[in-house]
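Listed next: structures, encoded as structure tokens.
Each of the two complexes below includes chain A, the first together with chain B, the second together with chain C.
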Partner chain A sequence: MRIGILNELAYRMNFLVQLLQSGMSLLTALVGFLVVFSHTETLGDWRPNDILALLGVYLIVGGLVGLLIRPSMSRLMEDVREGTLDYTLTKPEDAQFLVSIAQVRIWKLTDFVLGSIVLGYALFNRGLDVGFDETIAFAVTLTCGGAIVYSFFLILSTLSFWFIRIDNILVIFDAMYQAGRWPIGLYPYWLKFVLTFIVPIAFAITVPAEGLIGRLDAQTLGLDIGVATLMIAVSRLFWRYGLRNYSGASA
Partner chain B sequence: MTMPAIQVSQLSKTYVVPEREAGLSAAFKSLIHRKTREVKAVDQISFTVDEGEIVGFLGPNGAGKTTSLKMLSGLLYPTSGEAHVLGHIPSKRHRDFLSDITLVMGQRNQLVWDIPVIDSLERNRAVYRVPRSDYQSTIDELTELLDLGELLQKPVRNLSLGERMKCEIAAALLHRPSVLFLDEPTIGLDVTMQRRIREFISAYNREHGAAVLLTSHYMADVEALCDRVIVIHHGRVLFDGPLTDLVARFSPHKTIQIELDTESADLSEYGDVVEQEGARYKISVDKAVTPEVTGRLLADLPVIDLTVEDPPIENVIEQVFSSENAES
Partner chain C sequence: MLSIYLAYLKTSIAVMFQYRASMLIWMIWRVIEPIIYLVVWTAVAKSRGGEVGGYTPGTFAAYYIVLMIVQQYTFTWIMHEYEWRVRSGTLSAVLLKPIHPIHSDIADNIGYKVLMTVIIFPAALFIGLLFAPVFTFHADLFILFLLAVVLSYVMRFFIEWALALVAFWTTRNEAFNQVYFLLGLFLTGRIAPLGLLPDWLREVGDALPFQWMLAFPVELLLGRLTNGEIAHGLTMQVLWLVFSFGLHRIVWWRGVRKYSAVGA
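On to the complex of A and B.
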């Protein structure tokens, strides 16, 4: 973990680029937001400040994924291809744990910070009506969302034990993730299904945002927790199965 | 009776590899339907290595050396057969087992590229849970033995290949393992650096009584370090025993080097002339008759200089493999 941070700090220029990138993505998101709400007062039954809060969650989750999960999983795929995973596997520590914290992109914190600002602003506009229940719901759903996205990534990355090169799959995730800027409920049925159960973006963004602004029902919350538990178990099993089939890159 | 450090019986590993013909259309075809083929990388090998022993693991490229080492260090699941290292089954990857072995691969690094070596070492310290007090004394010891000095403060990318290898070895030994798997630890290094690493391995082995299983293509490594060698080829063990026996068994000849005062002598009646360079000749003779031939040479010819030696170990090894090919 510490190593990942040290590794990043070695390249200061990256920070500026990342700052610029975060700013740009926030800007495009805001422009989209303004364009939509110059035509309408509500979107589905979401009002502008709700959407803005969702945008905040979108940035926060994106920042967290980009901070740890994504870089570590990309690193895992690379390690499988180059055979350097061998070294990780000879360490007396749980290999899944080691690969999951292998790399940190500290600059992604900028997304996290910007997202928090956007979220704070949206909540302030709504009149700061976030109570105890909402806070708990947000914390639980955000944790579950994180766990689901992490498991999802782990399963994809484990596939590289067989297919070696599947970096492109991560690009697909990025593209899908963009869709999370808007409430998943707004999309047509088939897309809603894809974004919930195939690429679990609904659980990562929409559900936590709903929790925060008090729109979450108990059924969704239960489903969220259930799916998170299941995903963690499945991805763990799949990872272990993958390890058995790991053949390494020949020296 | 103590248990051997490494005990292997009938260990095999079969890879399933995709097979496809060259060319674009074949590449597309293989996307749809993959033809596969089974390759026996390691085929029922058995051997034991005792505590404190340094054993050379020899064989041409693709003989199954690396695969064997990976199975023994718990990276690969064997297809069949059994292995015990320090009483553990490697593929279970038990924490106690992993804490007591190390794997060094000369062609791959575990040190992190962009940061100073000392930070990578610190990571290994944390992963292996080496207590700080032990850590410092180990670092001091390694620094002295390997002459690391200020290398530790430099980022890995600024190190030369040899310096990097020294640091790699230091990182691999921080937790003082009692079994070392070294896969070509001296590859690509210059002669001085090779000797350095060799001396270090030998010193570590002496001090800590560690078992070492080492592969190398440099016979100098093997001659200097290993009393015993295991030769494998096509995944099978061809020979297991002292290095001197290997030479005796596979090379029934000795080479006589002789210098005369003439460049036109015909020595073919004494043995096979394998080389002639000016007035210097090399003849290969059967071991049994070497003393007699030497005596005759000295009596018959105006000899300026004469030496008798075993053929270079490389040639012996080459002979082992070619004889195996001829048999199969």
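On to the complex of A and C.
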């Protein structure tokens, strides 16, 4: 972990590029937000500050995924392809743990910071009505969302034991992820299903945002926790199954 | 010249065919984006009692489906390509070839468009089935639309090719590209039909070529423009085309001199 951070610090230019990218995507989102709400007061049954809070969560989660989950998983796919995964497997620690913390992309913190600012501003505009219940709900749903996205990535990466060239599949996640800038409930039924159960954008963004602004019902919360637990277990089993089938590069 | 183009076209299609899975995946970006904005604007129209700025959910659907198709046929990735060529050092090899590099770039672009035709129309049909677009077909508008799309394609190609050559002067032109793409996102009509943009943004757009790339052909086909607006639009397209053709000649000539002066 430490080494990963130090590696990144060596490329400070990347920070400027990342800052620019984050700033641009924030600007895009904000202008889009302004254009939409210059024509309406509510979207679905979301008010402007709710959407702004959602945007904050979108940036925060996107930042965390890019910071912690994605780099390690891309690295895993690359290691499988190049055969360097064998070095990790010979270590005495749990392999899943090791591959999951192999790499961080520290500059993605800019998304996290920008997202926190947007979220803070939105909550302030709402009159800081976040109570104890909302805080707990946010913490729980964010953790579950993180667990679901992590498991989703682990399953995809484990597929690389069989299909060597699937790193492009992560692009699908990026493309779908932008759909989460708006409430998933707006989408037509089939797309809602895809964005909830196939690519888990709803659990990653919409549900935590709902938790924070107090529109989450107990049923959704239960489903969220259930899916998270299931995904963690399934991805773990799948990873072990994949590992048993993996013969290594040198074998 | 034609035989050179045919040869280029054959290689580029063969190369792309090797990467068909990746190309399919990259397509998803260009299909998802119009769906997202279509969904958002449909919700806005509904919350306003079924209509906003002259668009209903049905006409929004028609707008975004046509937009997706026009975007597919007129877009280029040339600015990324040059950024990559400069960074990876393959630009020198490109320059060594006896034929002006724009020809192989054009062939690549056309090859890609030909291949993607088999995907974009099913995608458009799929969205059409789900969102019930409202659209009346006029043969005369369709002919003008085809003309506008061709003009848009050529104009866009020269503009973006000229801007791609900024890579000759800086090694990291991501910043420049990002600003261009951001402006394009708003001012071509992708994020919203131009009529829904605030006035200040539209005024910025009037000074730039973006609206003639997408919004103009799309609104033309949908029958939202008067004859006067159509004539004006086609004129603007031709003017920007002439300008960008001249620009690409100048930038290329100066860029190559600058590049060799660095000593590559």
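FYI, the second predicted complex is superposed on the first by the 249 of 251 C-alpha atoms of A that agree within 3 Å, B and C clash if a C-alpha of one lies under 4 Å from a C-alpha of the other, contacts with A are read in each partner's own complex, and residues count from 1 in each chain.
Convention: contacts are C-beta pairs under 8 Å (C-beta built on N, C-alpha and C of every residue); 3 or more make two chains touch, one makes a residue touch a chain.
Being a predicted model, the structure only gives us computed values, none of them experimental.
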| item | value |
| --- | --- |
| First, second, both or neither for A:34, with chain B first and chain C second | second |
| Partner chain in contact with A:125 - chain B first, chain C second, else both or neither | neither |
| Partner chain in contact with A:135 - chain B first, chain C second, else both or neither | neither |
| Partner chain(s) touched by A:169 [first = chain B, second = chain C, both, neither] | second |
| First (chain B), second (chain C), both or neither touched by A:187 | second |
| Contacts of A:244 with chain B and chain C, given as first, second, both or neither | first |
| When both partners are placed on the shared chain, which of chain B and chain C touches more of chain A | C |
| Partner chain(s) touched by A:89 [first = chain B, second = chain C, both, neither] | first |
| Chain A-facing residues of chain B, complex | 15, 66, 70, 73-77, 93, 95-99, 101-103, 105, 107-110, 112-115, 119-120, 122-123, 127-129, 155, 183-184 |
| Chain A residues within the chain C interface of the complex | 13, 17, 20-21, 24, 27-28, 31-32, 34-36, 38-44, 165, 168-169, 171-172, 175-176, 178-179, 181-182, 186-188, 190-191 |
| Chain A contact footprint on chain C (complex, rising order) | 21-22, 25-26, 28-29, 32-33, 35-36, 39-41, 43-44, 47-48, 52-53, 130-131, 172, 174-175, 178-179, 182, 185-186, 191-192, 196-198, 201 |
| Chain A residues touching chain B - in the complex, by the definition given at the top | 2-3, 6-7, 10-11, 82-84, 86-87, 89-93, 95, 98, 244, 246-248, 250-251 |
